[in-house]
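You will see chain A twice below: alongside chain B first, and alongside chain C after that.
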Partner chain A sequence: MGEKERKESAEVEVPVGLLHPAMLEPYRARFFVNDELIVDCELTLDPYHKGIERIMEGMPVEKGLIITERICGICSHIHLWNGTRAVERGLRIKVPERADYIRVIMAELERLHSHLIYLAHAMEVLGHETMCMRAFTLREDVMDLLYIISGNRVHYAVPIIGGIRPRCDIDEFRMSELHNRLSKLDIKIGDYANRVINDSLIMSRVKGTGVLTKEEAIKYATPGPTGRASGINIDLRKKMKEYKTFDFNVIVLDDGDNKDRVVARALESIESVKIIKQALESLPSGPISDRSFQLKEMKFSTSYIEAPRGEIYDSLALDETGRIRNYQNRTPTLTAMASMEIACIGDQLTDGMLTMASCDPCLACTNRAIVVENGKERIFTEEEVKSLIRRGL
Partner chain B sequence: MFKKISRKNAIHVMLFYTGGCNGCDIEVANAAWSPRYDLEQYKVILTWNPREADVLAVTGPVLRRTIEPLKKIYEAIPEPKIVAAVGSCGVRCGIFKDFGGELGDSDEVLCRVDEVIPVDAYIPGCPARPEDIIAGIAAGIPLLLER
Partner chain C sequence: MMIEFILATLLIPFAALITGFIIPGLERKVQARIQQRIGPPILTPGFWAVLKFIYKEKIQPNSPMPRLFHSLPIIGVFVMFFAVLFTTPEWWVVNTLGTVVAVVGLLKVIEFLFMAMGSFSRSILSVSMPYADQVKGAVMKGEYRRFFEQQSVLRAFKMITIGSFPMYVAMFVPVILAKSINFSDIVAYQGFDSTLIFPGGVIDLLYLEKIFALKPILFTLPGLLAAFVYFIGYLMMLNEYPFSIEKAKSDVIEGPSLEYASWARGGYYLMREAILFVLSSIFITIFIGLPPTLNLPLLIVHCVLCLIMPILFSVVSAFSPIFTFKQVYPVSMGFTAIGFLAMVVSLIMVI
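Entry: the complex of A and B
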């Protein structure tokens, strides 16, 4: 049955959003419902477009990279790291090993805090307030660790081209503090994950709803933990040179339902703690930054990184004065949300919102360009996008 | 008198995200909800319904697409009401205005919050810390009771 027929066969249309108690993020979901079963779903993702890529055109590179951090308030370190990494790859700047380790520690702490927000949000949508509050309590401990290293709760500004900022170096005091708190946090997170996975009340609610099969996940290019919960064995961390020295497992689950998406995050946070512990134990001594590079003209350079929600792509070029040209950024929520459109078909309406929340939507980075013609907004068709790509735009 | 006491015991904060980076939203939700900061112990409750709200917390600069919803939500809140602009973006548009490269500012980012609706409490910071948000909203409560 085609998309249009499915929509026409629906009895009722239930719009949810832009502001709704079940979603902290602004997007609009239209559920087409037939006898309480969802027959089709349509998402509007781009209400809050800010035009960051356009602001950054022609900015000095170090100034512009600060804006990349402000793309998202949850995964801010990853955005800055990826922008910096793209410049470093293009200009062939060698980063000291100690700086790489501290960047990895920050990234994993951030993954921990992002996953804990996800678990808290998922439990809130489920209506299980105790577990929601427990996740928030745990998250505050993680935020303390981030605060100890960087001095801010969000927007840490740790990476700089060629290394990390001097204020984010891990000295002896910070090291002992991190060790103490992390050993406590390790037990707490293990307990929490164990409780989430073994709780029959939670599992009976999320099991079997919002199934996204492996074929669908591949077709919609579902990234990150959402894709890994559907059986796609891809984790960019295994390919990155920064993570080569660490031993950790990639969590791949097969069912692809809401249960697996929750369990995948709970298990991944345990792996993150493992990486941070290894990094702190084997933190190499030496310089933290190498700022002896010369900014010069750089051809188009790209970088991919595994963010908490999936893979982030950044690309930019520099002109001869070191100004940013053609900055582009693609974030994981775009494809993750699109695949949730398929996953919620056939479920009860009450599970629809849970399925939407189960891909960990973060809309601050996802809002893309809108075409306005004669006062009416429209979205590019597939052919138009293809022709734009062919023309090299 | 009776009205004042009962109002003081149930102050509802509505969070409206006009288009920042999400950092301040989580800090507001965190300040109001999470067990460590817990605004609920002062009987301040987070809500998503403008018709029961007393305080409107606005995070982020006003975008071209959110200026109308912001006005509508402000009108839907019954009197008396106070507005708190949270974060550098809410107070002064943050880095999204007057910061552009060669093409200048983005056309999507329009103006500060206080150019659209009257603002009573400014809570700066990038992002605003939960302690500051609690202090800002607590400072606004006497204003609310006098009106």
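Entry: the complex of A and C
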């Protein structure tokens, strides 16, 4: 399939957002349509700025890292883990094996949690309320597991530099709870995936819509399960030392349509359960953290990790007092959404919104900005920011 | 006769209203149970919600003709009020009103009302959103910008042309079998003797026996086919899942009714309840042969039977995604074809 042509004119423009019930988070989509068919699309992803990177500048590293968890309410653990990982790599801190296992368990539970929200949202945009509710019901079980380990449902605060927090260790009670609940969850997720895949009404909507070819996915650097649904065989977990002991499949599909993006996440959820089970069965004994390190000046250190939506990049440096300098964070939604601009061309308008949702956008992660002028960081006043937004810059 | 005519004019729409209050709650309850939720109390969505909206602060809609826009649901309620009356035996004495054609005409008005609502609505959620994005580097600049409601008007127009076929085709199967467009002849064909109602008075329990003596068209082959087609047409006419493209939440949000708030939203809910009742009532009248009458037991049975179709539609809706026109066209064509088949079978039976 060749690259989609972007036409030069359309009958009308249908602008959608910033506020819209089908958008979990604020972005602006301008659909250029002929009758009901999308001939072009333009997305604006940056209406809001949280300024996380600016807030973290100069903060003590352990205090600052907690803020990375606030980047996203769904994949909060993975942001904290990656930030912590960047520091551990920079300061050459060795993390105990048990801590790595528990970090992996949390990350995979979070992936389950994220993918189930995705499935629920996809079904909601499809208009299938029942399957949406069932995905949310399944998600509750995962939230319970996250709560059992960390004591929280959203911001778990598990990793610390050198390991994990003592309250998040997996004792015998937690172990048996996790085993019992996971065995049921495995079956439930499998049943749910089967039900979705075998529902001809759902398939009639998702099959063949929002097609993103492998070439387009490579061109737009489509990350994570969205890219893998278009045939890109990249999963950072296969390269991470923390995942080396686990046996799991990377789900790669070829059609690149909305169906594949939904199915890829459903199948990945089953793989995540597999990883968690393996981690629980072979959970090593020993310490959960090594806090014997000394904070010192650290040159620019980077870390990449496979979050539920794709690659996350974190980089930072520390000054001689252990304060954060030049923290940067890049999340997968930016490129995933950009590729949906091209994927929705040729679809019905209603399917266009489904295509947007199918890449699992997370604007909370994405919207950050630092402005540098003449080598110096510039802080905007509230009025200046409003003026920029008004001018669409 | 005149007293019964006046009583029917007042009491039967009142019964329709009471039933209408229950239907949305029932619909939501069934869907909630399928989704393993408790769901709202039965009267909340249909009655308390309407009452609540009537007492809410009045909000001026963003519309070029706000008064007309606000009056459209009320017009819809009145149109449905007459549609109920046209199916009552007490009104059949008025020439040409108690016919299938007259009711089809009123349903067409309702279809048009949805288009009118969308045309007069300008929600802030689309074009009017205060966000300056036209200066961005899009290939297309200065294209005409369409409101969600205008998009839903186009969809309503398509649904009028393609979506209403199944229902109207199905409605004419009993007409062919009874060889008449009059409701009186259609119910008489099924064994309902309308002349017996008047001397029977308001309460005549013995008349319930007559119900079991009915020979509904529903239980014939063309009737069964037509009933199936009518049900699909019913979903299309109501713009409910899976045929709710006109008000698809994923893009046009609520479609034509997006700007209705406070008492006007209450009026819109009332209109929807009235349509829900009327379409069920027409089905019971022409396919089972039991019209809404002044005879209280018969009226209660009629109203209870009117709850069956909303329950069925709740079940279907709970398991369906929204269809785009890619799916709506073939589904509508297919069921229209089944409807024509039912008509051909009826013609063969009549000949």
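List of remarks:
Rule of thumb we're sticking to: the second predicted complex is superposed on the first by the 360 of 393 C-alpha atoms of A that agree within 3 Å, B and C clash if a C-alpha of one lies under 4 Å from a C-alpha of the other, contacts with A are read in each partner's own complex, and residues count from 1 in each chain.
As a convention for this text, contacts are C-beta pairs under 8 Å (C-beta built on N, C-alpha and C of every residue); 3 or more make two chains touch, one makes a residue touch a chain.
The structure displayed is predicted, hence computed values, not measured ones.
Shared-chain residue A:Ile74: touches chain B; no touch with chain C.
Residue by residue along chain A, chain B and chain C are tallied for touches, and C comes out ahead. When both complexes are overlaid on chain A, the residue A:Leu18 reaches chain B and chain C alike.
In the superposed pair of complexes, A:Ile324 makes contact with chain B only, with no contact to chain C.
Looking at the shared chain after the overlay, A:Ser9 reaches chain C, while chain B stays out of its contact range. In the superposition on chain A, A:Ile66 makes contact with chain B only, while chain C stays out of contact range.
Residue contacts after overlaying the shared chain place A:Phe246 against neither chain B nor chain C. Contacts of A:Thr137 after superposition: both chain B and chain C are touched.
In the superposed model, A:Arg54 lies in contact with chain B only, and not with chain C. Of the two partner chains, chain C is the only one that A:Thr44 touches; chain B does not reach it.
Shared interface residues of chain A, touching chain B in one complex and chain C in the other, are 18-21, 47, 133, 137. For chain B in complex with chain A, the touching residues are 16-27, 29-30, 33-36, 48, 61, 63, 65-66, 69, 94-96, 99-103, 105-109, 126-127, 129. Of all residues in chain A, only 18-21, 24-26, 47-52, 54-59, 64, 66-67, 70-74, 76, 117, 133, 136-137, 139-140, 153-155, 323-324, 362-364 touch chain B in the complex they form.
Chain A meets chain C in the complex at residues 6-22, 28, 30, 32-33, 35-36, 40, 42, 44, 47, 123-130, 133-134, 137, 201-202, 204-205, 348-354, 357, 389-392.
Those residues of chain C whose C-beta lies close enough to touch chain A in the complex are 31, 34-37, 125-127, 129, 131-136, 138-140, 143-146, 148, 151, 154, 241-242, 244-245, 248-251, 253, 318-327.
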